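What follows is a group of structures, each given as structure tokens.
Next come two complexes built around chain A: one with chain B, the other with chain C.
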Partner chain A sequence: MKYALYLGCAIPIKYPGFEAATRLVCERLNVELVDLPFSCCPPPTSMKLVHYDSWLALAARNLCLAEEQGLDLLTLCSGCVNTLKEANHILKNSDSKRRRVNKFLEGHNHRFKGTIEVTHILDVLYQDTVVEKLLHEKVRDIPLRVGCHYGCHYFRPPKVMYPGELSDAESHVPVKMDHLLSIIGVEPTEYSRKFLCCGSPLGANMDQDAGYSITRQKLEYIHERNIQALSVVCPSCFEQFDMGQIVLARKTKEKRRIPTFYLTQLVGLALGLSPKDVGLDVHRIKPKKLLSGIDVA
Partner chain B sequence: MTIKIWKFFQREQLFECYQCARCTGSCPAMEVAPALGPRETILICLNQGHDRVVEDEKLWLCCTCNVCEDRCPQEIPICDLLVALRNSAARRGNIPIRLGMAIELLAKTGRSMIVHQLDEMRAHHGLAPLPPAPVDEVRDILKKTGLDEVIEI
Partner chain C sequence: MSRTKLNDLDPDFKNRVASQPGGEGIKACFACKACTAACPVEAVDKRYDPRKIIRMALLGMKSEVLGSDFIWLCSSCYGCSEVCPQNVRFTEVMFAIKNLAVAEACVPPGLTVQKELLKRHGRLYEVTEFENDKRAKQGLPPITEHPEDYAALLG
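Moving on to the complex of A and B:
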């Protein structure tokens, strides 16, 4: 199993610990990763809103790099997967848009052909062969009450992101993270507003306080269910919860702090990697006490 | 330069809306900020024309979470409309300062994050330095696509 690894911007620059954890986990689970000279995806929360052609052309360039190697593209971020999956979908289905974009790219010897698929680390780890390997390699359980947060762009719009897994109402309710974590002994815990926004894009583009108000509402529902930790698959969502709780506590005087994990960090711990190996030592909200309570050190 | 909004979104779709406000009721931004909200955006487009929306900076108070479209009983592609309206707004200079800066950074560096003391941080996690981004290629592509209609690059 071999993929072109699309790191994006936030993970290798802001949260390299997620990258370290992902590389280690993929190596253990026989998922081979190839690095290519990608650029920014660019985000569905910025470039797409400002200049659609630029958004589509840069996304197409990234898709072309993977196409040229004949590899499917593996992303680690909900924003990246949204842009690249949607651009791939649009360019595969529209002759006129494909022609237009190829004109922008022709000076750099790229040509979008539509030969690959875009996937996300969660979907890759959820495959049968990887799960079997995980069950075989797992050395410990992580018995924590964990709330999963998928990140809106990971699964919306459902008709583009998961066309084969639509509900009767033609929507999509993701479950893979909850299922995957239950394999490593986690107790996935439901909470209200699980599938709503973390607040990050509103904060990044317009109004940080308003963005954090959304985070605060979500956290209230998370506390209500006595959730011990959060699991995310997106660096922007991560920052919103990790940094967000510190910022919010200045105002709200809230004492409770919930550590946030990136998915492959939890999987890494179950595979016997140390908290430092998977980069947990640099989180703002330290999971140290929580982990020592379950004998992970 | 302006763009043709109705090339991105079929204008007739506006008439599908019966103002049930399920979109706005689901909107996380509406709850915490004086956003326009999808229902009102559609109503203003119908009654007063889309120019009114495009000039309003409240248009940008949005999480781009796509819940509105997901829950619309009439299956109106609301997000296509919102993307088109914002593309048009940006061309007229209605663009939030933070967002404009983010786009500038992307065009200049090929990445949307500031690189600062990166090698040390990556070495701490046992990772090799990050190869430089293909800045020249990205910039050239963005020149061809006409990003400087919106932001000087």
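Moving on to the complex of A and C:
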């Protein structure tokens, strides 16, 4: 199993721990990763709004880099997977758009052919062979009540994100993260409005306060269920919960704080990696106390 | 909002939205308000109301829509698209409306800055020695910027 690793903008700079955890976990689970000279995806929450044609052409350029190596592209972020999967879907299905984009790319020595798939780390880890290996390699359980937050762009719109699995469904409830975490002894815990937006895109463009109001609402539902930690698969959602709780506490005087983990950090801990290996020391809300309670140090 | 004069409306605006990629569904709306009910942004900020934006666009209130600050509040979570009985795909309609707004030079400053960063670095965050030191401490290889082709393709 071999993929072109698409790091995106935020993870390698803001959260190198997520990248380290992912690389170590993949190595242990026999998933080979190849680094290529990718650039920004660009995100569905910014460049797609500014200039659709540029957005599509730039996404196509990234797809071409992986195509030229004959590798499927593995993303670590809900935004990146949304852009790259949607662009791949559009360009494979529309002759006119593919012709247009290829005209842009001609001068830069690329040509989109439509020979690869785009996938996300969660989907890669969820494959049978990887899960079997995980069961075999796992050295400890992580017995915490964890709430999963998937991030809207990871699974919506389902027609584009999961075309094969869902024929023409308009809505789709993802379960892969909950299932995967239960393998490592986590107690995946349901909560109200689980698929509510985290609020992050609002901060980037316009109105941080409105964004944090959504985050606050979501956290209320999470507190209701006595959830001990959150698990996410996107650096923007992570920042919204990790940083967001600190910012919100300044206004609301809320005392409860829930640590957030990136999925591969939790899997890494179960594989015996140390909290430092997976970069837990840079989190704003420290999971140290929570982890020492279950003898992970 | 001040009173709108009928003569100021642009009856062709809805067709322009519909001709953009993603905007095709706008004319199918029958104003049931399911989108607004499902919208997490509307719940916290009443300036943003999906149904109202569709009605304004269909009525031809072009300058009120494109020049507004509320169109930039959409978080593109696709909540509205999931519940829409008419398959308007409002999230995509918003992409179309925002593209038209940018063509009329109505862009929030945050997005202009992002575009400049992308042009210069080919990514949203600049890579300096500081970042690569931080990566080295985490046992990761250094990364480099790849702005080649980017500025030209960004247009």
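Quick note on the criterion: the second predicted complex is superposed on the first by the 293 of 297 C-alpha atoms of A that agree within 3 Å, B and C clash if a C-alpha of one lies under 4 Å from a C-alpha of the other, contacts with A are read in each partner's own complex, and residues count from 1 in each chain.
Please note the rule applied: a residue touches a chain if its C-beta (ideal position, glycine included) is under 8 Å from a C-beta of that chain, and two chains touch if they have at least 3 such contacts.
These numbers were taken from a predicted model, which means no experiment stands behind them.
Peer 1: Let me test your reading of the model: by the given contact rule, A:196 touches which partner, first (chain B), second (chain C), both or neither?
Peer 2: After superposition on chain A, A:196 lies in contact with both partners, chain B and chain C.
Peer 1: A:270 contacts which: chain B (first), chain C (second), both, neither?
Peer 2: It touches nothing on chain B or chain C.
Peer 1: Looking at the overlay, does A:80 come into contact with chain B only (first), chain C only (second), both, or neither?
Peer 2: A:80 sits against neither chain B nor chain C.
Peer 1: Per the definitions at the top, what is the overlap between the chain A residues touching chain B and those touching chain C?
Peer 2: Dual-contact residues (chain A): 9-10, 12-14, 16-17, 19-20, 23, 35, 37, 39-40, 42-54, 57-58, 61, 104-105, 107-108, 152-153, 156-157, 170-171, 196-197, 199-202, 204-207, 210-211, 213-214, 217, 277, 279.
Peer 1: Which residues of chain A touch chain C once you look at their complex with the stated criterion?
Peer 2: Interface residues on the chain A side: 7, 9-10, 12-14, 16-17, 19-20, 23, 35, 37-40, 42-54, 57-58, 61, 104-105, 107-108, 152-153, 156-157, 170-171, 196-197, 199-202, 204-207, 210-211, 213-214, 217, 277, 279.
Peer 1: Per the contact definition, I'd like the list of chain C residues that touch chain A in the complex.
Peer 2: Residues in contact with chain A: 20-22, 40-41, 43-45, 69, 72-79, 81-84, 87, 89, 91, 94-95, 98-99, 102, 107-108, 110-111, 114-115, 118, 122-125, 127, 131, 134-135, 138-141, 143-147, 149-150, 152-155.
Peer 1: Show which residues of chain B lie in contact with chain A when the two form their complex.
Peer 2: 8, 28-29, 31-33, 60-67, 69-71, 75, 79, 82-84, 86-87, 90, 95-96, 98-100, 102-103, 106, 110-115, 118, 121-122, 124-127, 130-131, 133-134, 137-138, 140-142, 144-147, 149-151
Peer 1: Taking the complex as given, what residues does chain A use to touch chain B?
Peer 2: 9-10, 12-14, 16-17, 19-20, 23, 35, 37, 39-40, 42-54, 57-58, 61, 103-105, 107-108, 152-153, 156-158, 170-171, 196-197, 199-202, 204-207, 210-211, 213-214, 217, 277, 279, 282
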